[in-house]
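Lettered A, B, C and D in written order, each chain numbered from 1.
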Amino acid sequence: MDSAFGQLTVLGSSLVLLCGLTLLWRRGSAAHIGAFAAQSVALAATAGLIAVVTGSRELWVVAVILLGLKGILMPILLKRMDRRFGGPRELEPYVNTATSLVIGGLLVVLAYIVTWPILDVSRLPTRAGMPLAMGLIFVSLFVIISRKKALTQVIGFLALENGIALLAMLGTYGIPFIVEVGVFLDALMGFLVMQIVIYRIQETFESIDVEQLNRLSQ
Amino acid sequence: MIFLLMVAGYLFGALAALLFARGWVARWLTAAGAIIGGACAVTLAVAEVFGFDIGSFQIIVVLARRPWWLQGGVIQDPAQPLSAVFLGVVGAIAIPAALYSIGYTRAWEGRRSLRMPGAMLNLFLLSMSLVPLAENILWFVLFWEGMAVTSYLLVMTEAEEPETVHAGNWYLGMTQFGLGFILAAFFLLLPPDGSGDFTALAKHAATLSPGLKSLVFVLALIGFGSKAGLVPLHVWLPSAHPAAPSHVSALMSGVMIKLGVYGVLLFGLRLLGGGPAWWGGLVLTLGAVSALLGVLYALMEHDLKRLLAYHSIENIGIIFIGVGAGMMFLSYDLPALAVLGFVGGLYHTINHACFKGLLFLGAGSVLHATHTRNMEEMGGLIKRMPRTALFFLVGAAAISALPPLNGFVSEWVVFQALLGGASIPQREVAVLMPIAVAMLALASGLAAACFVKAFGITFLGIARSHEAEQAREAPVSMQVAMAALALACVVLGAAAYAMVPALGRVVAGLAGLPPASAVTVSWSLRVPLSAPGAVGQISPLPILLGLALLLVAIPIGLWLSRASRALRVSDTWGCGRIAQTPRMQYTAAAFAEPLRRIFAALYRPTEDVSIDFHPESRYFVQSIAYRAHIIPWFERYLYDPVIDRVIAWAARVRAIQSGSLHAYLTYLVAALVIMLGLLMLWGS
Amino acid sequence: MPLPTGYTVAIAQTALALLLAPGLVGLIRWLKARLQNRRGAPVWQPYLELRKLFAKEVVVSSNASWLFRVAPFVVFASTVAVAFLIPVLAVPSPFDPVGDLLVVVYLLLLGTFFLALAGLDPGSAFGGMGSSREMTVAALSEPTVALAIFALALGAGSTNLGQIVARTMADPAAAVSPGYLLAFGALFVVTLAENGRLPVDNPATHLELTMIHEAMILEYSGRYLALIEWAAWLKVLLFFSLLGNLFVPWGVATVLTPSALGWALATLLAKLVVLAVVLAVFETRVAKLRLFRVPELLAVSFVLAVLAITVSFLVR
Amino acid sequence: MGLLSKIFRTGIVTEAFPPGDPQIVHLVREVDLRSRRLFGRALGIREVDAGSCNGCEIEISGLMGPVYDSERFGFHFVASPRHADLLLVTGPVTRNMEVPLRKTYEATPSPKLVVAVGDCAHTCGVFKGSYAVAGSVDQIIPVDVFVDGCPPEPADILRGILTALGRAPQAS
């Protein structure tokens, strides 16, 4: 039972991570938003799975909130934002796609090296997914660093938040509900702030290429 | 007896070259000496490694009575099986290379004397044969330096070319740089009683602190790595190997750089007796990086011999991957896997000697026939030099690790060793293994691409120059030499079931590796793996026979069936254009273009297109010149700054060179006073 | 009735693979035609094409050498040799000790190597273009293949095909383990790249400048072309059998009884049909990538393989 | 998913082979039985534009589409004359295309068929007598079937190919 449960959580975590890696692969905003939505759904499913096995009611609520807020609502908001300001494609990123993907793979290996000491002490059946969650955090950070378009960076930020949530779920069988809600609100606030910032960037530079911000220093 | 005969053979060859200097007598006698020497070396090595009853008994008896001038623990009979392997490699390539030189040097008649090259060739072979036999620091360094000097003189054979002089300077510089590190490593190991005997050194090494041992190992790795051509110490290799005459290139690439591997094994296993895991990790990493960078730079090379030289870097990398993996397994106390890693490395050493020797000889034949090394001026040689082409094809398939040839089998053993990496208890170290697997796989895939280019552009298609059109098949002696090596590539692959256990015995006993052979034999090659009961198994001989059977059966089946037998010769299809010219073919540069773009971040290519328009209208182009250049990283970012610094410093030092005799005498006196002062300080 | 011996089964499965291969490609083509709202050629169309090509005359370029005429046989022989080695119907095959997964991969590379050389032989610009691209794609997919093999071998402790199949059969949970699924994904992408399928190469293209595989064989005709095409189709079938039998080994016969072999044949056909449908739907949905975007796709498969290994290390 | 549901909503659009005017297709000579049987269901077609106005090409490209779907007869267009069994030639043969057309014919392994499509291929059409035209297709290479029309309909071209193979449905 435990081993099958472990396998399934790893499977869920892998899916969540793969969606994160899709951000590095694809270029279009639509594909990024789709990947984020799929990632959130996979995350919600993983949360639901843990909820079923542990019987935690709080996690159920978290799963539902995740599905509703990040799986459905945020993608809609993002799409609207994309329609309003989106350029056609991701601008040529700082690191080209193939290299980005290889770096992404290496970041996952790094995550695995970093989390190994934790795995040694942990006895949870879900522990095997933790390096993947850590990997997602690294990959999301890399997305934020290496991509130029503000919208992609927002999605990277949201994916980072997903990674933290996944890590928390796998590591402790669910974060305290109140913290989770706080993080959600935080993310939502961040999202709204970013939206306003993007709007401002768009107003000022008529583009949402954040590289344009370099001009502020001149 | 045989040992003495080997030495005598080489010396005879050298003497013959000095005495006769030119004419067919000189060529034949020089080669005969080297062939006798090589044959003796192979006999010694085979008897030792395979433990042939009759032969080995005799040899040991004979060598037990050492000649008087060798007494005193200076040179040992090859009782060290590891030495025997390298001695055998030297001999095995010496024979075809010497045979080849008979035909190859005929073109020198009337232009160049054989005196220096012939004598140096034999002395080069002699010193290379003696390096693995040396059992004492003094003799080792002496032979090592003899090898370096003779090979330098051989590289400088065509010293009239400025390119050759440049290559020779680099080579000499890097060799002496490496020798410095080797000497430092030896002296740190020197026991207090000053005995330079290797056994004494090993005994003393056991008493050293781990930090000092590591220092010795790193120094030795730098020293021998520079000889082996490990990245980033490889810069001399791509220029020095092509500059030498082709049979010498074959020896340098096939044999000499392998002695760097011997040096690392000598230090890592025999003298220091294994060490912490990071030694192996360092060797593995350097090997993987060399393998990948070597092949990537080879892809961009259109000079046939330089391309082969870069492939030597790649293959040295593969050898070091095997050796590094073996050292890591040794430190984690996984002896069976360690044996596998070392065996893979040694097996690839032998195999690479065969196919790289073959390829350099093939490139030499092409050079002999077309007088150019530039692939863009070749093409269509398969029709004018069919036998050379066939032998080169065998070598190309072997180096591309295509089954059932030898290159595949040894890479397979290395792969199996790396797959065992999962049993390393420390996971963050174990991760190195899959990364090495990926790099090795990429390197071997790119090598296949590179040799499609090397063979395809050189031998296939239509001749791209007048010289290529007029090319003639190489002389018989050169063909026989290549045929022997091509046959060796096939046999070494098919005989894997005998080679691997024999090499397993060679490494047994070194640094506490298990004496029993861990590799079981049947007609197929079977190696134990990490998981209990699991084995990796392939049978190169049945693969070879099966492929041969299919290759015979399919045409016969086709002939017997109702399939049409009609065949008509027509023009190449070119969308109906009027005539085809050689310039319409794909070039070597074009072939490598996709990979150049994909790895643009590494190559930093600079392109330069200049278009010559018709004076009347820009719509008509008269000519387009396209120049692409890649920036060799290490030369630019590692060596150039250092060299610049040295030159600047030298310029400053020049100030003291006043030319005045008084000034020099003053320096002498000052130096003397300082030395005396130091001595007094030391004494108190 | 005496039971069939291992050797007869091995030879029979090779013959079966050779016979089924054109049908499989015909099925994929038919499915794709239907997905394009066309009626399409019947499933047995490739057999008719083979018959026609074998009956036709061969036209050889005057610039071509013996290599051009040997290459089709090498390509065909190496692919047939692979058919002997991989588990199509039954394990353990008596040829199992002859070659493992690495031998399979490198034997296929042997065919590619000779085909690429044959592309350069007639001195046509198209052939060189095809060779260059084919070798680029082949080289870049090598690391993924090696890592996927590594991931499979980690589970079984060996690269031998028989042991991999036996291990997955003994431990069915392994088949749904993320390591296996990710390795499957990686190998699927490699299957597309190695067989010249969309989005790497379009098997139905007519434009020389977009070709990879097709450009290399532009000079071939008659029986030589038939051998190359047949080998290419066989390669598709072999990759499908590997995907089907290594990752979902159920149905593969472990005893050589007629009923077990019959069941093995039925499951093999079912697996092939499922994979053909997946491939046809996938090829209908995607567009061909630009050549210089292909490395990105291969990088994706590489990352999948890296993840497969990472996960396998942990689950172990 | 949108794509797949559209595919299923549309369904097969290939039309039945329409009856047509037999006068448009002229059979020059009968194909021998063996080739006819051989090519009956597997035919590689190489299209050669020998100087046409591209009107015929537009119609030919209709053959590959879902409505006419020549693949259901086992025909497919190939990228090289080496793979071809039948040359589909259009246009009056211009001086510049004379040699390429001959070379294409030479490059095609026998047995092989030639179908000339369009009025221009038959009679040079409005380009007759132009200094740039070398002649009609049959003056350059042997032709098996002419398909008339300016341009002929895809169904007529299909009928021409089928006639060359001796597979044309008998017009009632």
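By definition in this document, a contact is a pair of C-beta atoms (placed from the backbone, for glycine too) under 8 Å apart; a residue touches a chain by one contact, two chains touch by 3 or more.
Source: prediction; values computed, not measured.
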Top chain pair, ranked by how many C-beta pairs fall in contact: B-C
Per-chain CA centroid nearest to the all-protein CA mean: C
Cα-centroid distance, subunit A relative to subunit D, in whole angstrom: 56
Cα-centroid distance, subunit A relative to subunit C, in whole angstrom: 36
Of all residues in subunit C, the ones touching two or more other chains: 55-59, 208, 218-219, 222, 295, 302, 306, 313
Junction residues of subunit A - those touching two or more other chains: 98-99, 109, 112
For subunit D, residues contacting two or more additional chains: 80, 82, 107, 109-110
Pairs of chains satisfying the touch condition: A-B, A-C, B-C, B-D, C-D
Subunit C residues within the subunit B interface of the complex: 54-67, 73-74, 76-78, 80-81, 84, 96-100, 102-103, 106-107, 109-110, 112-113, 116-117, 119-125, 127-129, 131-133, 135-136, 138-143, 145-147, 150, 153-154, 156-160, 163, 208, 218-219, 222-223, 226-227, 291-292, 295, 302, 305-306, 309, 313, 316
For the subunit D and subunit B complex, residues of the former touching the latter: 80-82, 97, 99-101, 103-104, 106-107, 109-110
Subunit A contact footprint on subunit C (complex, rising order): 173, 176-178, 181-182, 293, 295-296, 298-300, 302-304, 306-307, 310-311, 313-315
Complex interface listing, subunit B residues touching subunit A: 427-428, 431, 435, 598, 601
Touching residues on subunit A, where the partner in the complex is subunit B: 96, 98-99, 109, 112-113, 116
